[in-house]
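Each of the next two complexes has subunit A plus one more chain, namely subunit B in the first and subunit C in the second.
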Partner chain A sequence: MGFVKRRTIVALASVVVLALVAAACGGSSTSGASSSSGGAPIKGGTIREELQEFGWTSGFDPTGEYLGTAWSLYDQMIMRGLMTYNHRGGDEGGNIPVPDIATGPPTVSADELTYEFELKTGVMFGPPVYREVTSADILYSFARINTASLSALYGNYYCGTITGMTCDKDKVDTNIEGIETPDATHITFHLDQPTGDFLYRLAMPATKAIPEEVAKCFTKAGDYGPYLISSSAYMFMGSEDLDITSCDTMEPISGYDVQKGMTLVRNPNYDPATDSTEIREANIDGLQQAINTNYDDIFQRLLDGQIDVAAGTPPKGVLLKFETDPQYANWLHADPGDRTWYITMNLFAAPFDDVHVRRAVNLAFNKEGVRKAYGGEKRGDIATSVEPPTVLPQSVDINPYPANTGEGNNDAAMEEMKQSRYDLNKDGICNDGGACDNILFLGRNIDPWPEMDQVAMASLGTILPGLTLREVDTTTGYTTLQQMKKLVPISSVPGWGKDYASPFGFDYYIFHSDGIYSCTGSSNYSLVGLGKDLADSCGIGAEYDAYVQNNGDVPSIDAKMAECVAKPADEVNPCFAELDTYLMETAVPWVPWVWANNWTSVNPTVSTYVFDQFGNTISYINSAVNNGLAPENVA
Partner chain B sequence: MLRYIIRRLIWLVFVLVVITAITYSIFFLLPGGGTDTIAQRFAGRAPRPELVQEVKIQMGLDKPIYMQFFSFTKNLFFGDQYGWPGFGKSFTLRLPMKPILLERTLVTLQLALGAAVMWLCIGIPIGVLSALRPRSLFDRFAMIFALVGISIPVFVLGAIGLYALVYKTHLLPGTGYYSIFEYGFQPWFSHFLLPWFVLSLLYAAFYARLSRANLLEVMGEDYMRTARSKGLTERRVIVHHGLRASMTPLVTVFGLDLAGLMAGAIITERIFNIPGIGDLAIKSIGSQDVYAILDVTLVAAFIITFANLVVDIVYAFLDPRVRYE
Partner chain C sequence: MSQVQAAPPEVDTLVPVDAIGRVEGRSPWQLFWMRFKRDHVALGAGVVVGILVFFALVAPLLVTLFVHRGPNALDQNLTSDIGIPILGPSKTAWFGVDGIGRDVFVRTMYGARTSLLVSFIGTGLSLVIGIALGLLAGFRGGKVDTFISRTIDIVLSLPLLLMAIGLSVACGASIDGCAGGLIKSGVPLVIFIIALFGWPYVARIVRGQTLSLREREFVEAARATGFGTWYIMLREIFPNMLASIIVVATLLIPQNILFEAALSYLSVGIPPDTPSWGGMINDATEGSLYFVAWWMLVFPAGFLVITTLSFNLLGDGLRDALDPRAGR
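And then the complex of A and B:
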């Protein structure tokens, strides 16, 4: 080449090679220690997890935060309250609340309206709040729940239940009529009505101890999260550097950055003598949760040993490895997720305003096929009722459609359809012209829903030949279902999980009329218990009247639920079993098809894997790792 | 020229206001939008009316839309409680937007500048060499390279690069952003190398074709023949006469390309876990964080509009025939 000298080209090529060498040298991947499985818990090490985003609903502020993964972190690692869980699987009592800061179960009055607790001494807040947790700190957390600007997203569990709590106060005010703190180690709750699952509500993170001297600086929802003070075994790394001299001197704790990650380290003030190893073994030295926007990369790093835990459905290639390669036999854990995937049917949208049609759908639906498309048996057990057995043990005995053994039963479905007014010629097929034509089936457009929706459509195609599938993204799907006037007839979009493992914490929002908040906001998509006034104001008065004219009263579980909630604790579940039976047989708003499992993938560096049934995540507090790593700040 | 610059700056302000108005309209006036719908998304999975109302108050959505728009625009130009410019607060992150935008813009700047240096160093020499040896074997391979580079999507190239250089061979360390100030040069450089290459390949290919075409055209000009006939060396003819004329259009394109990248190399940032503006855009859209989306849109619009102005000014300096009144 005359213009460019050969040596110039050689020099350029050398630069490229050097760059690659420079990049490759120095800094190797930090693989974990050699794998071992099972065995006694090992003390030390750091659990390293990556996730695409935290997804907080309220900035990790415990008063309002409404995300299960946050609840796991609070309850296991960072915060203590009157009640907690043992952070183990459901078969080990993981869904039953146990005393935490409370010395033992409360003293309950004969009328079940008064709960008295005694608090342990020696439970300390972490740095920089070097003092003992008292009853005033529990009261303060309730005062925050009671404050409108702090947006306690599940405040309704307390407001209207505890005397004097209304969730609409202008400012944080610890003068709550129904909560007494006679001294630092005693607290008493007065209720407006008996509430059999009150202990479950006291185990929720919003009720955990919060120090007023720090939290008083944060009067808007979500602001307290980056300054969260520990009262449990672990704290944000860097908590000791938080300057709480005044509100102006406080800067977010360095071990937490919502955009980058979170590192938890041991709280030096935590005294295991005030706790129980049945609840918190606290084997690890730290937990690192780092943000990684590349989902495939998360699982590659898990395979490489650069991280120890990854939650969620593995990418297809990785899942195939887990399912077929013996080397990865124990990497994927499928645990009961306290969640039901279901088909929702709108009671006011033809032809689903006829209970025989809804029952026919329950009989025809191919649950096995949809589960297979979803991922197979590891995804969970076939559902026969609305609540998972881990929430309501009696669910396994509720099966009003035994003719459907899982793969759908068209004959039985057609027999049921013949009783419907939409089957004009009684041939077992919906053929009422307008009502049976172009019935919208709303699905999701993200994998694996398209495949699942096809199986669903095929299984219902015989009795409902007029079904028309439309698939949208998840957010649009939920938003559409919430629009009452749209009267979406049938949909595979939604799933539902518990708030807490008492049936009220599962059923309330999804079936109570209170779950129909407005014309554009509802989690009771089927509109069970809808009232005439709301129907008229939302523009579906005609459909409401038509329903009543054809069927009688709109099915409702409001009264039954109030009855069940007021039962003594040991009678709550049987009462809810009756309620769920009514839902499945009489109201029939759903076709529940799977009680879903939670998937967690772990590297063999996790030497002891324990599942936390309450939070539906790995139990960081009771699991163990053998990587011997000290926690690093990933924030 | 000064009057021209001032006129363009005023125009920039007008463009930003219009973009804000359009974005507001998309969120609040189109079907599926509205203040209730937006507020509901931040009111938990049981959005009771009182909660939704509280969220609306905290987000400022309880005011009429025109007042919200006015308030947002006023804060943008005059500052708010978090400083100037007034970018407000992210309702998803619960943090002021200004430091987030600044930090992420700097990260994207590092990604964009590194990729720009790489694509200039790759693309222009290839294009020039191809132009000097048209229809040679090198030229043919160079144009195949250009075709591949332009055709292959970034997400495919990124996945291939990660598989080959990270997962299989461990030649490179992997994804993530490692600040040079916190971790030093080597981690910063090694983690950026693959994203730079992936991002630059498309542009390198384009610039190779563009510089080749430009230089070929210039080589046929009369003044090039004149320069040779004056006895100048071929090297001097190409470098001092040919390249200068052929590179001028590249300057224009380079400015706009760099600005476009600064507005967010979304796919690259997501694949390589780089916390830049593009990644923020995706997260904000996914969580329907209205103010974050507005802010990212405005930052991107500002960068592109301002870059247009800079390119026009630079072009005037490069080409004496261009004058602005």
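And then the complex of A and C:
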């Protein structure tokens, strides 16, 4: 704001005008490429993808990494474990675990407490390790999960389930009571209680084989990522140059730079005979993921044929082309994302500490309008319950608010609101001044949230005229929600996707009381199942007491979830459907508004497009390109 | 060789002479106005500013009478299935609609209210603080001057935009704002930021002027007459720097309009349910929406440019009229 000469300001203003006009008038040239087509997969070529950032949560170290795109790369391309997925769409079984380096399904004891696996022989680590994968390498990955300093974010799937695992060891210790490795090709797990979805948990990336001789050098969370050793079809380019003679000689592998990108090339030690083409066709010669911070440019380069794949929402101008120009008919792929976008309501923040208010919000919310602002029908199906049907097929039958057909129903919402103690004159409007004025609605300030939030606010304005919208960046939004004492009443900031395609893997961290880790780290933003002690220690004891006084016990799914997990496999989903119904009707922490699709844009150079349901990305391993490029030659 | 005829002596038309040759007296403000009205560019800019202020003031009335839609009224029937506006400038919506069917004309008018409100109040606060501290520093000198001058240096050395973004993030995630509710989020926060970082520029200029004026004879005379410090500062020195302050104000206002627009463009300024030109430009750039809905960008950007340009040209004219000896 310093004083600039007036002429400079005038000149700057003129430049701004010219730039804006140029930007507004400048069209983008497009290639004349036709839409991608199916057919027999072509071998060779390199998939070129650009993204704004990797966004890893733990430096691409498989033990702690919690980002879905990383899981996709591990599971499809770089790492193998006991179980995996077929890396195809959900309708082709892409969410069902299948044996990988296990020779077949495990032998499970009658009490469902013991799982015995036999390992395939001939599965090799890539350069520079050059040895066979054994049961000890699987055990080692569990020892890493069990080590506190390596921050295994989903360690609770194993600790408290596998006997002896506690996730609090101060160093990597392969002596785990509940895991036996009698020889190189056998491994046995002993569980504390029956766990119906244990095979899903064994397909998670943290459980993939990790060679101790390299990983032992990295005892802090995230450090192993740049040195990741392949046990699958592809590896970091330059892996063979990694000097593993000692920890001191190791330098990050050249094919990976978190600031620039990564290049994967074929692992020369990979033997397709140990794998199945149902799981890994391995058509491409390589994958290059390059960082490009200019989002518009990424899609322009896709249109120009300079890259093959771009994930995410295309700029509106590009999206319009995809939607209306037949030339681009097959460029945009929308696949079920195993993700629910929702509005979260805090059970301990007035007026949402009254279930009638939460139900009224469910009835009034304009899901269709918000979805339209988000990008339209292709973004996903209108959600009527918590779990997306790709995770819990019974979800489609759960709809406790049929009066809201998607566009919101103010009449029904006002009727519900009249039952609330915050509607003093029973006119269907929240009007208890202290609780109903200046209610914070926390949104995101990145596109397309500002428009979505406006539609949301407009739809709730009748019953909750005191809503006040404030928007912040995504990180601030999440950290604000995570601070229990902030008691954010209602927010559009979060979305939630599955960890794995069992309802337990979807619900656990977002609704179980274990999801309230601490006063500042909760992922259970609605505080379902919050206990009195934690409420007191986090400074919301008064709000907790008020809730109990006005409503009785705090809703909790902990017991029901434990019951569901222990059910035989064929009874798990019906049990979770009951849990989902309880969440929607009784606890009501959310307004789920869309079961989101995952968007991937591809140039016709992608001759075969396959979606990976588990990773929620393009299936690099089963798709094909016809660009004929060698990965080492891709600029 | 042709004869060279001497040019007739220039007559200062600002010095009126009556029929019998007496020189008529003019106050400084009369002189200012006589000079200013000859500057047609500045006059035109002043008219534009006046029109903008008028529209800003009567925006709700205009909307009620002619458009019948509020700035946040949505009509998603005016957008395509994927949220792209399908109604450009037309009789129905003079400036077209945005991605959720809001009327761009209405929002542009209301955006003028936001821009002018924020910049006027922010500039006003900057002036009050800057004038007070600048006068004090320049007149009292010594340790007071040193303290205020170093404070000015410190504030000027702060990275303005980063600090503003930081404050917006820190104070924007709650209704109460921050600093115990002292700084409210939304419009008050942006005004606070503008005032916080704007006053040093004023204070530095006022201090310099005060240092010069306090040595002038009329100040000496006031001292000799026995007037106190506050009287001299407020009644003797301050009126003599008013012209400079007016010019400073006309420069600060467009800068503050642009600053507010920049913060709103970065989505850290005015809340999205309060129309602002910066926020509207941001809406237009969402997914490069301006490629298919140019009106979302051109109208708010155009008004932003016209407004800042007008204020700057007006400031130029005011300076020329108030201090004709100062060169450009």
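One rule holds in what follows: the second predicted complex is superposed on the first by the 596 of 635 C-alpha atoms of A that agree within 3 Å, B and C clash if a C-alpha of one lies under 4 Å from a C-alpha of the other, contacts with A are read in each partner's own complex, and residues count from 1 in each chain.
Basically, a residue touches a chain if its C-beta (ideal position, glycine included) is under 8 Å from a C-beta of that chain, and two chains touch if they have at least 3 such contacts.
In this text the structure is predicted, and so the values were computed from the model without any measurement.
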First (subunit B), second (subunit C), both or neither touched by A:Asn551: neither
Which of subunit B and subunit C A:Asp453 touches, first, second, both or neither: second
First (subunit B), second (subunit C), both or neither touched by A:Gln306: first
First, second, both or neither for A:Thr121, with subunit B first and subunit C second: neither
Contacts of A:Ser518 with subunit B and subunit C, given as first, second, both or neither: first
Subunit B versus subunit C as contact partner of A:Tyr66, first or second or both or neither: first
Touching partner for A:Asp223 - first (subunit B), second (subunit C), both, neither: first
Shared contact residues on subunit A - subunit B and subunit C: 1-4, 20, 23-25, 27-28, 296, 476
Footprint of subunit C on subunit A - complex, ascending: 1-4, 6, 9-10, 13-14, 16-17, 20-21, 23-25, 27-28, 296, 313-320, 323, 369, 372-378, 438-440, 442-443, 445-448, 450-451, 453-455, 457-458, 468-473, 476-477, 480, 486
Partner subunit B, residues of subunit A touching it in the complex: 1-4, 12, 19-20, 22-29, 53, 56-59, 61, 64, 66, 148-149, 151, 153-154, 156, 167-168, 220-223, 225, 258-260, 291-294, 296-297, 300-301, 304, 306, 475-476, 479, 482, 509, 514-515, 517-518, 520-521, 523
Of subunit B, residues touching subunit A in the complex: 32, 36-37, 40-52, 54-55, 58, 92-95, 100, 125, 129, 132-133, 159, 162, 166-167, 170-176, 186-187, 189-190, 193, 234-235, 238, 269-273, 275, 279, 283, 288
Complex contacts: residues of subunit C adjacent to subunit A: 72, 74, 76, 79-84, 98-100, 102, 156, 160, 169, 172-175, 185-186, 194, 197-198, 201, 251, 254-256, 259, 267-268, 271-273, 279, 281-283, 286-292, 294, 297-298, 301-302, 305, 308-309, 312-313, 315-316
